[in-house]
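There are two complexes below, and they share subunit A, which is joined by subunit B in the first and by subunit C in the second.
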Partner chain A sequence: MLALNLLINGLVTGCALGVVAVSFQLAYSTTRIFHVAHAGIYTLAGYLAFSMVERGLPDPFAIIIAALICAALGALIQYALYATLERRRASHLSVLIASLGVLAVIQNVISAFYSPNIIPFTSAWRGQMMSLGLTEVQVATLIVCLAVFAAALLFARLTPLGKRIRAVASNPFLAEITRLRPQQTYIIVMAIASAMVAIPGALVAMDLGLQPYNGTTVLLTATIAVIAGGIGSLTGAFALAVLITVLQNLSLLAISGEWSVGITFFIFLIFMLFRPTGLFAQR
Partner chain B sequence: MDFLFSYLTLVAIFIILSLSTNLLVGIVGIFSVSQAAIFGLGAYIVGYCLVNDVMSFLPALAVAALASLVLNVLITLPSLRVSGDYFVVTSFGIQLLATAAFTNLTEITGGASGMPGIPPAEFFGLSFDSGFKNFLLAAIAATIASLWFALLMRAPFGRLLRAIREDELAVAAFGKNVLFAKVRAAAIAGVMAGAAGGLYAVYLSFIDPTTFDLNASVLLLTMVVLGGARTLAGSIVGPLVLLALPQLLTFIDIPTTTAAAVRQGIYGLLLILFMVFRPQGLVGEKL
Partner chain C sequence: MAGHTKAIADLSALGASLGRRDVLISILAGGLASTLPLGAWANDAGPIKLGAILPLTGPGAAVGTQQQRGLMFGVEQINKRGGIAGRPLEITYEDDQGRPDQAVLSFNKFVDLYHFPLIFSAYSGPTLAMAPLATRKEVVLINGGAQSDRLAKASPYLFNTIPVAGDEIAVLTKYLLENGKKNAAILYENDAAGTPSRDDFIKSFTAGGGVITGQEPSATGQTDYRPALLKLSDTKPDVLFAMLTDGLGALAEQLRQMKPDFLVVGTSFFNDPDALKNPGSNGWLHTQVKISAPPELAAAFKEKFGVAMEFWGTQYANAVFIVAKAIEKVIADGALITGANIRKAFFDVKTFDVMVPAVFTTNTAAMEIDIVQTQDGAHHLVKEYKAG
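Up next, the complex of A and B:
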């Protein structure tokens, strides 16, 4: 019974993490920037939703508005920081360090404004139990995150904008010549990725509460899923995120929870040794 | 006067750490956010050995340096195999794992409440029990590390490392062993960070996991970025300025609960601003 509970919990958290991984995949495979600050946006979304719910806004609206604000922030980071650095021909290392700087700023502004400690999310429906030991908010997380993943897949395959993003991702130079305007595309991609990551950010916060520095571990696990799934593959990122989280949850049967980072990391090292290109590599 | 010595002692210890980070990030060009983990390993080994009377200070420091060397080489090895971005994941992972280990191996490290009562350093019949003596010890260590760094930079090995950062393939084409050079640099960086950890443990006589977490790694990176990469002066200016910052912040009236967050936020802001406006730092070369 415990194993079943852990499995189901793993599936729910895994779907939330899957959306984080897919959004990171979208940003990373297009802009080629290892966008560490993504973890900050994930965390920020939870706090934004929390503040709005506290002021009496219904939960769904709070999530949508949080996603919009995060989209604007993501676009701003690309426009004001990453694009500037690229114009100045900054090295890859510099961009990475700047991104880490953004993460530190977001996390600590949150910590200073709210609290460095965990804040429970008091939402009307979060405690409601349903069958299989799931709470309502967990069921909502599962459904919404699967829907977001499906929407992301359809968007990338079918819409003109999705095709444009894939074109820029596969060859920015050629895209520049054919007037696809890579720089503008990067801003759009970062906005979309940030809006996407805000949804699990807010939903998981409603379930588990808010903590300013949690995002780093979440993003680390998501990036491991991205790499293990294969750079460029949205399905790979999502599937591996679910798999890793389920394995992590099941490992609780044998190993205590504090070491779950170790389990994730162990999976990563195995992939690095035996299949460094990932399971679903596209190139 | 005591206050000045405590500031200078910390500066000296962080100069060693900055040099270690500079060697990896600035010179070899490996992004690392796990230097604080190595620092912590050194501190905990020396702390554990002295508290439990396993051995005296100098052998403990040697063991700490050796263990840090091995760990740092092991951490850096993936960066030789996989491309840059994958190593970022390794680096973050090691740092989070180290924090988990420091916090949860309660029998050895004392867990989240830390390891108190580490005795002062003692060797050759000398006891480093006052602020001034500790400062001398740290200053001597920092001088040795600085000399080592300066000599390395002038030696053929230093030029080889710079060349690797510029163009790894070209260096390999000249018949140089890139892998071995990187392993050597990582080993030196590990010894420095581990020794700095040992000095930190005997100086403060108390260590806890928050000193060696991801925030500490970000601080080390900020020191290198602010001071400037690849120069000795940069690694001295960085700690001098950034360790004075918490003291300056005490003049502003902010509650102690948010002080740490404000400080870390400023480090982050400095990282962004320096990368955009002055990637060479105050007295360094372009990163």
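Up next, the complex of A and C:
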């Protein structure tokens, strides 16, 4: 029973992390920007949803509006910051530092406006128990995140915009020549990635509460999933995020939680030595 | 000290006779004066200036802001009563975010730049990081919030105005074993506050015949305890000892969802407003240092801050009263307000009959410890244990 409970808990947490990984994958593999500020957008989404629920908006609408605001913020970061830095021929390191700066600003603004403390997310939806020891919001997280992943796959493979994004990601120079307008595509990609990451951001906040600095660890784990899954592979990022989280949960059966993160990542370290391009690397 | 004063006088006299070199001489004299022991200028009529390094932002801010309110209130009360021997008290605040490295930077700033003879601190990690510096620079550190056992002997200049966790845990395990709770699981914060408390609990509980069924760590600021709770719940404990300084609201919520069979127990850190508000904390049992403000002070606190006088607010206000008494003794002895003299005054006064009485036979205050139970957002007394 314990193993089943840990597995289910790992799957729920893993699906939320999977969407974070997929959204980061989308942004990174297209723009080649290590968009650390993504962690800030993830956190911000929870606070935005919280504010709207506090004002009486139903939870699903709060999540949708939070996602739209985050999409606008993601597009703004790309348009006003990253594109400007690229025009000025800033190095990758400079862009990374700028992204870290945005993350710090978002975290500090949240901290100043709300509170640096952990805030419980009190909505009527949260905390209602269902079968298998899951709460309603955990079930919603599982279903919604799986749906978002499936939608991302279909979008990337079947829609003209998805194909355009893949073309730009594959060869930006050729995309420029063929008038695919890479800079405009980057803005769209950042908006989509930010809207995507807002969904687990809001759902996890509803489940576990709000904390201004919680996005950083989530993004770190998602980044490892992106690398181990293979740069450019949405399926790889999602699958590895779920696998990492399930492994971390199940490892508690044998070892203390003190060691679970270290041992899980040690296994991936060994794995990367043998398959450095990742499990689902695109050729 | 006398040598320093004479040197300044000699330099000043020389300056007067040489005329054109006045400026240079003044600079030299000023430089020499800055090397004098801390508080050398403290026996004038100006305010007595102290520092406080607290976690005002970051994961520990919920407790840190309560502590700051306590200090501000204590200072206001002292100054309303005419200050310390007629001199007003002032406290300058620095935010260390609960981080030892930041605390050390703030400590050095307070000591080297402002020459404060006494600094209030909070949280075990930062306080332990500052303790060796306090010894070396002879600056008194006053800890009213952290409870790691290591704090008891960390520095001769560190005074804990709250009993260390080991004292509370000894009372808690005694109560549990007296009441037939023989199996315990532990959820602890994996840091300077949590690990010594875990060790104390294991030592004290097993010495009385108890069995530890399992233990799991958590990180500061963590909000997802489900995997650890699932595992610990599976070990079928009678009680879960939760040693967390933060995130107790999230723990209460997740326990409310799980509806476990075990009793949740802890220490004074269970005075967490978010946990108290959550119905999941109903029935939690914990030790509490007997500390409550007189009604008129509690009312004044509420009027000033708009909130009830919380546990940590009371602790730190009490710490200000203790410090004021020690400094009063220094002044009464005609000594300079230095860290060394304040330290000596602590042991000279020994029994501080202030808002909440505290006795200092060592560097840690002895106080009465109660067992209380949380129900509907309030603590209810279960049993009293006398100090010591």
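Convention: the second predicted complex is superposed on the first by the 267 of 283 C-alpha atoms of A that agree within 3 Å, B and C clash if a C-alpha of one lies under 4 Å from a C-alpha of the other, contacts with A are read in each partner's own complex, and residues count from 1 in each chain.
Keep in mind that, in the parts below, a contact is a pair of C-beta atoms (placed from the backbone, for glycine too) under 8 Å apart; a residue touches a chain by one contact, two chains touch by 3 or more.
All figures in this text were calculated on a predicted structure; none of them were measured in a lab.
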item: Overlay on subunit A: subunit C relative to subunit B, clash or fit; value: clash
item: Of subunit B and subunit C, the chain that contacts the larger number of subunit A residues; value: B
item: Which superposed partner A:34 touches (first subunit B, second subunit C, both, neither); value: first
item: Which superposed partner A:258 touches (first subunit B, second subunit C, both, neither); value: both
item: First, second, both or neither for A:220, with subunit B first and subunit C second; value: first
item: First (subunit B), second (subunit C), both or neither touched by A:104; value: first
item: Partner chain(s) touched by A:172 [first = subunit B, second = subunit C, both, neither]; value: neither
item: First, second, both or neither for A:116, with subunit B first and subunit C second; value: both
item: Which of subunit B and subunit C A:162 touches, first, second, both or neither; value: neither
item: Which of subunit B and subunit C A:268 touches, first, second, both or neither; value: first
item: Selected from 204-212, 240-248 or 276-284: the stretch of subunit B that, after superposition, runs into subunit C; value: 204-212
item: Those residues of subunit A which subunit B touches in one complex and subunit C touches in the other; value: 111, 115-116, 213, 256, 258
item: List of subunit A residues in touch with subunit B within their complex; value: 28, 34, 36, 81, 84-85, 88, 90-98, 100-105, 107-109, 111-112, 115-116, 212-213, 216-217, 220, 223-224, 227, 256, 258-259, 261-262, 264-265, 268-269, 272, 276
item: Complex contact set, residues of subunit B against subunit A; value: 25, 29, 31, 33, 78, 81-82, 84-86, 88-90, 92-94, 96-97, 100, 103-104, 214-215, 218, 221, 225, 257-258, 260-262, 264-265, 267-272, 275-276, 279, 286-287
item: In the complex, subunit C residues that touch subunit A; value: 57-59, 61-62, 190, 215-218, 221, 223-224, 226-228, 230-231, 234, 246-247, 249-250, 253, 256-258, 274, 277-278
item: Subunit C-facing residues of subunit A, complex; value: 1-2, 5-6, 9-10, 13, 111, 115-120, 127, 129, 133, 135, 208-209, 211, 213-214, 248-249, 252-253, 256-258
